[in-house]
Structures are given as C-alpha cells and as structure tokens.
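Following are the structures in question.
Each of the two complexes below includes subunit A, the first together with subunit B, the second together with subunit C.
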Partner chain A sequence: MKIGIPRSLLFFYYYPFWEELFKELGIKVVVSDQNNERIMNKGVKYSISEICVPMKVYVGQVLDLVEQGVDLVYVPRIVSIQKDVTICPKFLGLPDMIKYSLEGMENRVLTHKIEQESDDISNWKDYQIFLEIFDISKKELKRALKKASEKWQEYRAMHRKGFTSDQLLEDVKRTPDTGDLTIGVLGYVYNVYDKFVNMDLLGKLREMNVNIVTFEMIDDEVIQREVDQFAPRKKMFWEFSNKLLGAGYHFLKSDEIDGVIHVTAFGCGPDSILGPFLDIDSDKYDTPFMTLRIDEQTGESHLLTRVEAFVDLLRLQKTKEARKCEK
Partner chain B sequence: MKVSFPYMDNPVLYYKLLDLLGHDIIIPPRPTQHTINLGVKYAPEFACFPLKVLMGTYLEVEKMGADTIVTSGGHGPCRAGYYGKLHQKILDNAGLDVDIIVFDAPKDWRPFLQNLKKIKLDNSWFRVMSVIRTAYTLAHSMDRIEKLIHKNRAHTLEPREVSDAWEEIQQKYMGIENRQDIAAVEKWARERLAGLEYNFPTPDQRIKIGIIGEIYVVMEGSTNNDIEEMLNELGCEVERSHYISEYIDSHLVPWKWKEYQHILDKADNYLEIMIGGHAKRSIGHIVDYKERGFDGVIHLKPFGCLPELVSQSLLDRVSEDLDIPILSLSIDEQMAKANMLTRVEAFLDLIKQKKEEEIA
Partner chain C sequence: MNDLYIGVDIGSVSINIVGLDDSKDMQFKLYKRNPGSPVEVVKEGLASLNKKLKDRFKIAGVGVTGSGRQLIGYILGADIVKNEITAHATATIEQVPDVRTIFEIGGQDSKLIVINNEIVTDFAMNTVCAAGTGSFLDHQAERLGVEIEEFGDLALQATKDVRIAGRCTVFAESDMISKQQYGFTKPEIINGLCEALVRNYFNNLVRGKELHPRFVFQGGVAANAGIKAAIEKEINDEVIIPDNHDVMGAIGIALLAQEEMREKDEPSSFKGFSITHDNFETSSFICEDCANECEVIRIQANGKTIAMTGDRCGKWASDPRDIDVKDETSA
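And now, the complex of A and B:
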C-alpha cells in the first residue's frame, strides 16, 4: 500500500513525525512534489475561488498524489494540540472538503482526528484506525509512535539551534546565519516555506545577508509567557496564531531582532485578527513591522522591491543608531 | 454610564433588556453606507464584514455619547468570538474612551458574573432574573411574528404595507414592560397583519426559499440588501436558518439544546465535527429544507468567512445529492443591490423552470 502525503499545510511542522511513523509501520510513503505552477493551477481550478492560497495548494497536492497512483492520501483532521485551543476552522473541515468537493476522493482519504494536549501528537488513542487499516498490533503502533515522537523532538531541537524548517527538511547547507541584520519572519509554516507562493522569500533574505528567526526557534515558555501577558483570560482560538502572537511580541520586544516581516495569505482569517494587534503595538516598541501578503498571483518584482526597501530601511536605521552611539 | 449595543435585525431585544434594568441607553441606528464606510476605514482590511459593520456602529454610537457597549462573544474558532478584544484595541488606539463588555457563553462563570454585575445596577438579582425572563419571552414572541411576515408578505398585493406594519409592531414591542404586555402586543400584531389584503395561491404553487449562512449577514437586512423583502416581493416565502430566539435556545439554554440537535445530525454525512460558527448547522438546514419541501436555498456569507468557506466547499455536492438548487452569495462592503437582484432573479427563474418540469 502506498500512502501519499501532501507537501503543504502542517507538513512543514510534522513531516519528520509522519515519515518515521509510516517507515516504522513498513508503509511506503510518497510525498508530493515541491509546489509548482502545475500543482498550483490544479489547486486553483478545483477549489472555491475565495479560499486562502494554502488550501488551494493542498488541493493541488492531493490531486497530484492521486495522479501519481497512491492508494490513500493522508489527510489528518488536526483539531487541537492544546486544551481549549483549536486550529483554523478550515483545518477542522479539511478532510470533509477533500472528500466531498473533489470527485472520486471519497474513499481515497486516510483520515483520523488528532485531538491531543501537546504539540507532540504521539498519543496512540487518536491512531486506532491504523490498527485495522494496516493490520498491525497495538504494540507495534505504540512503538512506531514512540519512535516518531523521538524523531520529531530531534527536529524541534534543531529548530531551537537556529535552523529553519526548509534547511532541516531539504538538507540544504546547514551553516548558521552570519548576516549583519536579523529579521523575525512571522508566518504559518505553510506560508513561510512554500517557495513557489512566497517567491523564495527566505532565499532572498539570505542573499541580502539577513539572519532569519522564525517562531519555531523560540522556546515554548517564552511564547506562552507572551500569550498569557497578552490575554490572561481569553487566548485566541487558533493554535498557530497564538504561537505567532507570542513569538511576534517577543520579536517586537527583543533587542536582537531588527525588524519583523509578517507573511500572510490573502484572506487569512486568523491573521486578520492577529495582524492589527502586532501592527498597532509595533509602534510602541519601535520595531519596524511589515505585512507581506501573498497569494497565487504574487509578482516576484513587487515582492522583491518591498523586501529590499524594508531591508534597506533597517540597515539605514542601524547605521544611524551606531553613529549616535559613537558620538 | 451610557450604554449601547450592536444592531442586528432590530434593536428591540437588547434595548428592552437594558431598558428594563433602568439603563441610560443610546439606541444604535440601523447600519447605513456611512456606517460601513466608517467601519471599513478603521477595521483591518481582511477582517470579516460583520466586524467592519460593528466597528462602524460602535464609532457612530460613540459620537452619540455612548461610553459602554454590551455585546456577545464566543469561544471560537469562528473569528466573531474575538471581535470584542480587537474592537477595543482599535477604539483605544483611536483615543476613544469606550468600554466594551463582552458576554461569552458561560463556560466559565466568574467573568460572566463579573460582567453581569457591571450592568446589573442596583437591581436585585430577583429583578434581573425576571427581566431576563421577560426578554426571553419577547424574543420568542417577536420571532413568531417575523416568521409569519416572511411567509405571508410573499402573497400580498402591497409588500411595502406589510413591511410598514412590521415597523409599527416593533415600535409597540419597544413599549412593553412585562410578559402580559408582550402577549397583548402579539395579539394586536396578528390582527394588524390579518387586516391586510392577501392573495394566497394553492400550497403546491408556492415557492419556498431557505436562507442559510453566517448569522450576522443572514439576520441583518442592511448588509444583505434586505434579501427577505426582496424574495417576498418576487413572490417567494422565506425562512431563515437563524432567528434570535432559536439562537438563544440552541446556544444559551442547555435544556433546549436537544431540540436543535436533529438539524446538526442531518449534516453528519458531509461534516463530521463542529468546526465553529454555524457551518454544520448551515449544511443541516439544507437537508432539513429539502425534507420539508423547499424549492431552493440561498447561502449568505461574509467574504472570507472561515467556517462558511468550508460549508461553501461542500455545497455543490450537497446540491447534487439532494437535487435542490443552491445559490451562494459572498457579502462585503461592495455588494450592490442591482448585482444581488440580478443573481436572485436568475436563480428564481431556474427554480420556477425546475418546478414546472417536475409538475409536467
């Protein structure tokens, strides 16, 4: 049996977990291609026009996998990885959207609910459906999940050493950044690491000799502290928005971060709430903040112009401050 | 303390609730293009449409002198549950001194009671309970009349007269003090409506349309170009998936939840779990309308609405499976009446044709 995993959405957060899990269970996994024009066009064609670009990419990836001849596409329904906090409603309804809005997909989706109390999604209770489908014993499942969890923890530990997910997943050069400028790139993993949609934003920043910090590198406790301070009583409802919120406030307050770029998809609902808070407060902390909106029609020169201008501005500010100090 | 509140469908219920507690009230005006422009100016570009309209309303009532706004919240993952906090941030940033009191469904009682204390004034708790009961009865009574209007206005010679009567009825409801008054007004309202001229066709010739979708744009006529009136004028009976009394029963009154469960159950084949907002309910209502012999469904959602985008993705399939026409309209600050009317008329032509074919 061949299982397909779309290279989109939380792939960039959980792939090492899934890879190890299926490997341990002895199941062949096919990962869809890097997002490209063909996949994007397919996604745009088969989703409703108003939905955000990551969802369109996902649809394109699913269809691409089906064409590659996988038996089932793995579309977990990730509901919650923290008590009382869920993910965006579109994730909650994702398997339903794939099953019922794409023709012939109804019986080709491997889905199960993930509703756990921590980021480590290895509690076996959510995976019971695997026992029957793959004909394995409970013991085998638990052992595979344990291995997967370890692999994933390693992956997360590497983040904290300052590596971005694309460096870790693609085995590109893993040398620590040595730029003279540090920018906090704030965005969901599927926006930050989709090189096709964001026109290789990270690569462009690296070329400009900029160090990149993302939310995955920040300690959970720091994020949690910022979130608690922001909303002691009522957090936002969306897991990764809270993570970005915590990381965002940390970036704004930190002396080591020169500026923040918020990468958001056109029409993203949670970001429309999250963005204004950070935007308004960035003045208070005197940290430049730029919102970079991406969609399936993002133009490369437009994006490059904005990023270059932002980086120039940060460098200028930095030299001015340095001069002030000398005097 | 001068209190105001959001405007949805009509201001009567919120007004009476606060009025009976003895508050000094600023009644929010019905949203207009001005309200929307104001909201769009201050609210984030990609915020959903209801957030922008409410933003506009809050800025308007602030100008009229309100310093406190009472509103309802939610526990997500629909964005509406977080409106209060964002509105507050934007108002603070604009240097306006307005306090927004958000009532979340009482999952956690402490903040709920704290909020209640803020608006209770020096009423006894007994009085508060009695006011809540009166408001509850009021919501149900008004919705019975409104449902009657949505049905019967389709068959009058002068739909405008019915709409005028509805305005009059609402004014009467504004004056009630207790549950006896409500019963009297309801009786009067029924007589008032019965006194108009109707021309009822035979049941099989009636066209029935269900309106589903996001609660604010379904209920608030100023955002959806008064779609109920539009459909009534075109000769269709209308039923909405949201009435405020049903919202109260299905969200705030635990022992009434069961009565609404069957709607949700009907959506199980398409949406396994609750995903926030009213997405699952929307799908359930389509199934329910089909079973009750409706001829078509109109789906309304604000541009970019998270839960309703999921239900919209499923509409084609549901429509095909159930053989019921569905028109989905996305609503934002640029929705023009002529555009909507054209689409609705084309949709009704399709329905009429389908109906004729079925009869023949």
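And now, the complex of A and C:
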C-alpha cells in the first residue's frame, strides 16, 4: 500500500513524525512535489474561491498525489494540540472538504481525528483505526508512535539550535548565521516554507545576508509567557495563531531581532486580527514590522521591492545607531 | 570636465531620467509618460543627455530604480540598482531634511513612507487597487470630458461638498453618474472624486497609523491642486510639494549613485553612450524544464543575448545565453 502525504499545511511541522510512523509500520510513503505553477493552478481550479491560499495549495497537492497513483492520501483531522485550544477551523473540516468536494476522493482518504494535549501528537488513542486498516497489533502501533515521537523531538531540537524547517526538510545549505541583520519571519509554516507562493522569501533574505528566526526556534515557555501576558484571562486565538502571537511579541521585544516580517496569506481570517495587534505595538518596541501578504498571483517584482526596502531600512537604522554609539 | 551622476527611474507609467552634478544641481531632466518600450526611451533619453552635456561633463555614476530596474540596470551597466522606496525617500530627505511623512501618488501605484531622523522607519505600497492611484483620476476625467491637467483647478472651484462612493473605480463611476443626474456641478463632482481618491489612499495605506509633520506630497499626481487640497483637509495640516516632484525616484537614485561612487573609489561601470546605437530586442519563451513553465524574458543586443529574467529558479538569469526556441513570441 502507498500512502500519499501532501507537501503543504502542517507537513512542514509534522513530516518527520509521519515519515517515521509509516516507516515503522512498513508502509510506503509518497510525498507530493514541491508546489509549482501546475499544482497551484489545479488547486485554484478545484477549490472554492473564497478560501485562503494554503488550502488551495493543499487541494492541488492532493490531486498531484492522486496522479502519482497513491492508494490513500493521509489527511488527518487535526483538531487540537493543546488542552482546550483548537487549531484554525479550516483544518477541522479539511478531510471532509477533500473527500466530498473532489471527485473520486471519497474512498481514497485516510483520516482520523487528532485531538491531543500537546504538540507531540503521539498519544495512541487517536490512532486506533490504524489497527484495522494496517492489520497491526496495539503493541506495534505504540512502538511506531514512540519512534515517531522521538524523531519529531529531534526535529524540534534542531529548530531550537537555530535551523529553519526548510533547512531540515530539504537540502537547503546549512550555513552558520553570518548576516549582519536578523529578521524574525513570522508566519504559519505553510506560508513561510511554500517557496512558490512566497517567491522564495527565505532564499531572498539569505541572499541579502540576513539571518532568519522563526517561531519554531523559540522555546514553548517563552511563547506561552507572551500569550498569557497578552490576554491573561482569555484564550485569544487558535493554536498556531497563539504561537505566532507569542513569538511575535518576543521578536518585537528581543534585542537580537532587528525587524519582523509577517507573512500572511490572502484570505486568512486569524491573521487579520493578529497582524494589526503586532503592527500597532511594534512602534512601542521600536522594532520595524512589515506585513507581506501573499496570494496565488503575487508579483515577484513587487515582493522583492518591499523586502529590499525593508532590509535597506533596517541596515540604515543599524549603521546610524552604531555611529551614535561611537560618538 | 565635471562629474555627472545619472539617475533612471523605470516605472510602469513613466520613465524618468535626471543628471545631477557634483553639487547635486540638476543638469538634465526627462519625464516621459506612457512610454512604449523602456529600452528605447532610455536610449533616446541618454542620447539627448549626451548631446546636451558631453562638452562639460563626464559620467561618474549611474543608478537605476523602479519596477523595471533590473533589466535596464543590466543594459546600462549601472553602479547601483535599488528599489523605489529607498530612492524616493533619499530624494525627499535631501530637499526637506525634517520630513516625517511622504505621500506619494503616481499613475499606477501609491506609497506612504514614514521617516524619522532622516531614516525610513515604515512604508506601505499599493500596486493592486487602482482606486488609490492616478489612473483612477485619468479614467474619470475621460468620462467627464475634462483634461486631466485642468482637473485639479476645477476641483478648487467647488462650492459644495458631494461625497462620491469611491471604494472601487466601478462604484465610483456609477455613483458619479447618479450625482450628475441629481444636478451637482462638474467642479463639485470633480472635487468629490479627488476626495474619494484621497479617502482610498488613506484606507489602503495609512490605515490608522499616526502621522507626523512635516508632510511631503510627491509623484505624478502631486501636480493636481485638487488632490493636494483634499489631503490637507484629511490631515488638517499643510503639505509641501517638492521641486521636481515628478522625478523624485530618479533624483534619489542619482544621489545614491553619487554616494556609492564616493565610497567605492572605482570608476563607474557605465557601459557608455555607445549603447544608444545598439539594437536591443526583447522576446520571451516558455521554459519547459519543470512544472513552473516560466515565461522567460530575454534581451538581445545586436542579436546577442545579454540578459534574461522571469525565471523562478534563476538558471537563465544567472547565465544568459543564445538559444533556439520554437514557441518564441516577440514582445
């Protein structure tokens, strides 16, 4: 049996987990191609037009896997990875959207609910359908999940050492940070690492000699502290938006970060609330903040102009501050 | 012979070229609206610059900015190629050192640049929505049968306010027609349109940001007195329109070229005026090497490929070469 995993959405957060899990169960995994024009066009064509861009990409990626001849596409229903906090509702309906809006998909989706209390999604209770589908014992399942969890923890540990997910998942060169500027690139993993939709933002920044910090590198406690401070009595957002909120405030306050770029997808509901909070507060912390809105037809020259101008601004500010200190 | 710094701004609705001398005085200025082929306009522009100044000046540095900066920068052998935000801000700060806010409205795009202590601290750009740019006015002027040059002064003759719903050019048009039918005068309608444009600009770009004086208003639309008045009404303060407000990008990039050359201590990499006699041709082809199917643009000089762009992977841009392609389309 061949299982397909779309290279989209939480792929960039959980792939090492899923890869190890299926490997341990002896199941062959196929990952869809890197997002490209053809996949994107297909996604746009077969999704409802109002939905956010990442969901359209996901649809395209699923169709790509079907073309590659996989037996099942793995589309877990990720409900929550934190006690009492769900993730963006679009994820909750994702398996249904794939099953019933794409022709011939009804029986080609492997789905089950993931409703856990931590980011480590290895609690076996959510995976019971695997017992029957893959004809395995409970013991085998638990062992595979444990292995998957270990792999994923290693992956997360590498983040904390300062590696971005594209460096870990693809063969992006892992050079030490030598840039004279550090930018916090704030965004959901599927926006930050979809090179096609964001016109290779990370590559462009690296070319401009900029070091990149993302939310995955920040300790959970730091993120949680910022989130609690922001709204002590209330849970403001869905889970990944909370992570961005916490990391975002940490970036704004940190002396090591010269500026923040918020990468947000056209049509994203949560970001339309999250973005302005950070933008308005960025003045308070004297940290330049720029919103980069991406969609299926972002113009490259426009994006490059904005990124370049932002980097210019940060460099000029930095040299000026340095001059002030010399005096 | 004195030094001359050339600044070229390749925008989507105009191409501007200026020449600044060592003391930053303008020796040459060209503002060309609705240019056909950028390469031809630049060639002609440089030829006339050369004719006018060749006895007194030698080229000490060349800078290119604007949305078409990469290719032209390559053709000219520019010393510096920079984005238009940095270029515009540089020019404004030179003229109005204590500027804090720049409103820039051009024919097809608009910008807001926030400055503190002569450094850009924030900016916003709009290239998607026509309702906050000059093309909104062009369009409506045509509908009303008014020359765009008269537009602004007519607006000032309005005696009553009329609000035109101007969120989008399409709505503005239908609203304008009904207001005309109600009997509002032309100046009143025009004034309403100016205010609608400014409202759009503030909704799209300012979005509640706190702005500080001094305020500068520049770009092609700054010549329009009606818009200037509408902005002043919106911010309740005075705006300055700088000299040469229509070529600020070109001035800025010339200043940046001058700075660059001072630091570099090398001769300019400008390819010389002989390029004005070269024959450039632009064509494109679809690369089929991967699923992205990029439209690759290539520039040939006298039949030889000198630059390529438009490829997502960079494999053509980094190594421009002559190739045979079947489905070629001349642009």
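Just so it is clear, the second predicted complex is superposed on the first by the 326 of 327 C-alpha atoms of A that agree within 3 Å, B and C clash if a C-alpha of one lies under 4 Å from a C-alpha of the other, contacts with A are read in each partner's own complex, and residues count from 1 in each chain.
Just so we're on the same page, a contact is a pair of C-beta atoms (placed from the backbone, for glycine too) under 8 Å apart; a residue touches a chain by one contact, two chains touch by 3 or more.
From a predicted model like this one, the values you see are computed outputs, not experimental measurements.
May I ask you to decide whether A:Trp124 touches subunit B, subunit C, both, or neither, giving the answer as first, second, both or neither?
neither
For A:Phe237, is the partner it touches subunit B (first), subunit C (second), both, or none of the two (neither)?
first
Give one of first, second, both or neither to describe whether A:His302 is in contact with subunit B, with subunit C, with both, or with none.
Second partner only, subunit C.
Identify the partner contact of A:Lys320: answer first if only subunit B is touched, second if only subunit C is, both if each is, neither if none is.
second
Contacts for A:Tyr285 in the overlay, against subunit B (first) and subunit C (second): which applies, first, second, both or neither?
It touches nothing on subunit B or subunit C.
More residues of subunit A are touched by which chain, subunit B or subunit C?
Counted on subunit A, the partner with more touching residues turns out to be B.
Classify the contacts of A:Asn36 with the two partner chains as first (subunit B alone), second (subunit C alone), both, or neither.
In the superposition, A:Asn36 contacts subunit C only.
Counting only touches as set out at the top, which of subunit B and subunit C does A:Asp312 meet: first, second, both, neither?
second
For subunit C, which residues count as touching subunit A in their complex?
67, 70, 82-86, 117, 119-123, 125, 127, 210, 290-294, 312
Would you tell me which residues of subunit A are touching subunit B in their complex?
Per the stated touch rule, the residues are 47-48, 50-51, 77, 79, 86-90, 92-93, 95-97, 100-101, 113, 231, 233-234, 236-238, 266-273, 275-277, 280.
Report the residues of subunit A in contact with subunit C in the complex, numbered from low to high.
33, 36-39, 196, 199-200, 283, 288-289, 299, 301-302, 304-306, 308-309, 312-313, 316-317, 320
Give every residue of subunit B touching subunit A within the complex, in rising order.
Counting only subunit B, the residues touching subunit A are 44-48, 73, 75-79, 81-82, 85-86, 89-90, 93, 104, 111, 270-273, 275-277, 279, 303-307, 309-314, 316-317, 330.
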